[in-house]
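Next up: the structures, one after another.
One chain, subunit A, appears in both complexes that follow, with subunit B as partner in the first and subunit C in the second.
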Partner chain A sequence: MKYTKEEALIHKEYHSALCELLFQLADDDFILAYRGSEWLGLAPHIEEDVAFSSISQDMMGHAVIFYGMLEDLGIGKANDLAHDRPAEERKNAILLERVNGPGTYLHEPHYDWAFAVVRSYFYTGIKKIKIASLKNSSYIPLSQAAVKIEMELYYHLLHWKTWFTQLLGAGGEAKKRIEDAMAAVFPDLDGVFSFGAARTMFIRLALITSEEEIRQEWIQMMRPIFESLGINMPNSFGLESGNGRDGVHTEDLEAALKTLTEVYRIDQTASW
Partner chain B sequence: MAETSSFDLLPDEQRLARFMERIETGEKIEADDWMPEDYRMTLIKLISMHGISEIMGALPEKEWVPKAPSLKRKLAIMAKVQDEMGHGQLLLRVAEDLMEPLLKSREHIIQDLLSGKLKFHNVFHMEAKTWGDAGLIGWLVDGAAIITQTNMLNASYGPYARALKRICAEEVFHAQHGEAIIMALAEGTGKQKAMIQDSIDRWWDALLMFFGPGDASTTGTSKQDITMKYKIRTKTNEELRQDFFSKYIPRVLSLGLKLPDETMHFDKTEGLWKYRQPDWSQFKQIIKNNGPKSRERLRLREISYTSNKWVLEALSVRV
Partner chain C sequence: MNLKEKIFDALHKVKDPEINTVSILELGMLEEIEISEEAVSIKLLPTFMGCPALEVIERNVAEAVLGTAGTRRVEVKFIHHPPWTSDRITENGRQRLKEFGISPPPNHISETGEWEAECPFCGSIYTTMENLFGPAACRSILYCRSCRNPFEALKPYPR
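For the complex of A and B:
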């Protein structure tokens, strides 16, 4: 069965599962777009600065779409959902909230480009598989949005794949740095696949395909690339820092929320 | 082809005469064309400074990108700062072509920036303390940039003129983006209104300095004469500053803001705005990288340069 917004508003169980999924999607894109915006002006070269910024803007745009759907479902204003929820209410995967590297974007930002490439590449691939599945979602507005989002993801994925293969293929220090970055990303990668406690509900209500299918599809997509570059994919990933879908988060998110709400909090009733 | 080779055989003074003739008739000079040395050097200095200023100019506003107070503002300011980086890229490409016969590249531009040899615009050495400053930069700094850049839209050097055409079109959006932030604050709470007045007060001198000193007596040198002789620009610094006043003073006042210069008035007989000169000795200090934020912003570029060196090395490997 397919649901319109009006129908979703009537069915309590459907409404609650749908909102849970939308929060996961929105919070993932929102926090990673934020991390991308911290990179502005600091990327390895000017051309990349421009390209990376486009991708971050697209991601922020996707977050706006998802928060907008939550607003339509009566959860609250999109702006407040993005800015006014404490860390424990956030549903993003922990991997995506992690800092870009030592320092802050204002002071001594010794950011790690290898980490940016690996995190962005892996996240984008997984997101693309989720979005492809969402094209068949039972929630009509979400399936329609997925069609548009998927077109943009084609370019994001191509971009990060190009970086990943070039840096690994170059060997030497670059290869070592990418391998180190993968060693930092894999132990938390399960958090990106996870749908948290709502996983069975998502499938029963035909909102999205299962975590397991998404994982298998991603491994299938990545395996030939790993093989061609002569690197191994671990047999299992991890959820070492905890599951963000359950509201478990790190100091990194707390600090990010403080920064990204600094002006918003001066006066929440004011129009900015 | 035959014409090119006969031109190549001419003595320098005749080539110069032909070159000046082309400029006088409004013809565009292209990257591969013969040009006098001082024309090339003036363009390299002007365009690499313009390009690097766009890149350094992204930094003060960038401070406010992650902090923008709503989803709409976050998206808009991300796009705006990205445009500035894009302008930097476009201009550095133009400068790189001019530098090629001198066997210099972008690497040299960045090195010169970090060593202090290549200056960036005075306005981007200033502190962007509040969200009001983020609005003001878009509104008045980009507004000022539109005025100086429009002045060069017909520059005799074709690649620069064409780059400026695109840049100016985007700057108009930026000024509107800045104005939208300022309007929201001006129509907002007392605290928000105070925020923009504070921004104007702190940025006023930097805005006056934006157009550069009236003549060479301030800094010892001025490129105004040579850039006008070669038809790169048409108006003097002071004429541009007057244009800025005419366009923006009425707008600033209409928002209920006060100018931090009680002597400012329009002299009808002279047809000129009369104003208090900013402290030009401070300007000299600022452009020597002794401004309030000069060191800190250069440090950001230096970190980006050094910590990403391995990336550039890896990019040069054919995979």
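For the complex of A and C:
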């Protein structure tokens, strides 16, 4: 069965599962788009600065769509959902909230480009698989938005794949740093696949396919690339820092929220 | 002129806030005009989801239509179905873009993996894609090897 907004508003169980999924999707894009924006002016070269900020802008646009759907479902204003929820209410994966590296944007930002490449590449690939599945979601507005988002993701994935393969292919320090970044990303990668406690509901209500299927599809997509670059895919990933879908988060998220809501908090009723 | 024609006329005057030679109609952003006794409802397709100009466009459309709608309410809404694709840009729109110095979306040649775009300044197709991502979400950066000018093209958006 397919649901319109009006139908989703009537069915209590469907409404609650749908909102849970939308929060996960929105919060993931929102926080990683923010981390991307912190690279502005710091990316390795000017073309990359343009590309990365454009990608981050697209991602923030996707978050806006998901928050907008939550607004349509009566949860609150999109702007407030983005700005006015404490860390423990956020559903993003912990991997995505982690800082870009030592320092802060304003003070000695010694960010790790290899970490940015690996995190962005892996996240974008997983997101693409989720979005492809969402094209068949039982929630009609979500299935329609997914078609559009998928087109934009095509370029994002191409972009990160280029960085990933070129840095690994270059050998030497570039390869070592990408490998170090992978060693930092894999132990928390399961957090991106996870749907948290709502996982069985999502499937039963045909909102999205299962975590396991998404994981298998991603491994299948990545395996030939890993093989051609002579690197190994680990047998399992991890959830070492905890599961963000359950509201577990780190200091990194607290600090990010404090910074990104600074202007919002000055005047919450201002329109921009 | 009936009301629908008047609305079309008004919409023709609403330009892209960043490319003021081309109207939102020429960009193919209009999906539907619905006229009832009480309201005029305009449904638009966003070119890119994160486009910061969407709110400006929404406001400009509402203002433009308000003058023709009489006592009717005016509603402007962005919808995501069908998705906007770059082939919705009209022939006129492609001309207007070139006048502004922006090339229409390049074609991807799958055999060679290369992009074919015409330089808006000299018309040469001896051009290269420098960066798929440009100064706005909807644009790419290219370079013309004939007249040696950098130029922008609308980002290709395959169906």
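Throughout what follows, the second predicted complex is superposed on the first by the 268 of 272 C-alpha atoms of A that agree within 3 Å, B and C clash if a C-alpha of one lies under 4 Å from a C-alpha of the other, contacts with A are read in each partner's own complex, and residues count from 1 in each chain.
The working rule: a residue touches a chain if its C-beta (ideal position, glycine included) is under 8 Å from a C-beta of that chain, and two chains touch if they have at least 3 such contacts.
The structure displayed is predicted, hence computed values, not measured ones.
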*Tell me which partner A:Leu260 touches in the superposition: subunit B (first), subunit C (second), both or neither.*
first
*For A:Leu18, is the partner it touches subunit B (first), subunit C (second), both, or none of the two (neither)?*
neither
*Between subunit B (first) and subunit C (second), which does A:Ile94 come into contact with in this model arrangement: first, second, both, or neither?*
neither
*Which partner does A:Pro44 reach: the first (subunit B), the second (subunit C), both, or neither?*
first
*A:Gln144 contacts which: subunit B (first), subunit C (second), both, neither?*
second
*Partner chain(s) touched by A:His159 [first = subunit B, second = subunit C, both, neither]*: second
*Determine, under the contact definition given at the top, whether A:Leu106 touches first (subunit B), second (subunit C), both, or neither.*
first
*Counting only touches as set out at the top, which of subunit B and subunit C does A:Met60 meet: first, second, both, neither?*
both
*asked:* With both structures fitted on chain A, tell me whether subunit B or subunit C touches more of subunit A's residues.
replied: B
_Those residues of subunit A which subunit B touches in one complex and subunit C touches in the other_ = 47, 50, 54, 57, 60-61, 64
*Write out the stretch or stretches of subunit A touching subunit B in their complex.*
34, 37-38, 40-47, 49-50, 53-54, 56-57, 60-61, 63-64, 67, 78-79, 82-83, 103, 105-106, 108-111, 113, 165-167, 169-174, 177, 259-260, 262-264, 266-267, 270-272
*subunit A touches which residues of subunit B in the complex?*
55, 58-59, 62-75, 78-79, 81-82, 85-86, 88-89, 92, 131, 181, 184-185, 187-189, 191-192, 299-300, 303-304, 307-308, 310-315, 317, 319
*Okay, in this complex, where on subunit A does subunit C touch?*
47, 50-51, 54-55, 57-62, 64-65, 141, 144-145, 147-149, 151-152, 154-155, 158-159
*Of all residues in subunit C, which touch subunit A in the complex?*
46, 48-52, 79-85, 130-137, 141, 155, 157-158
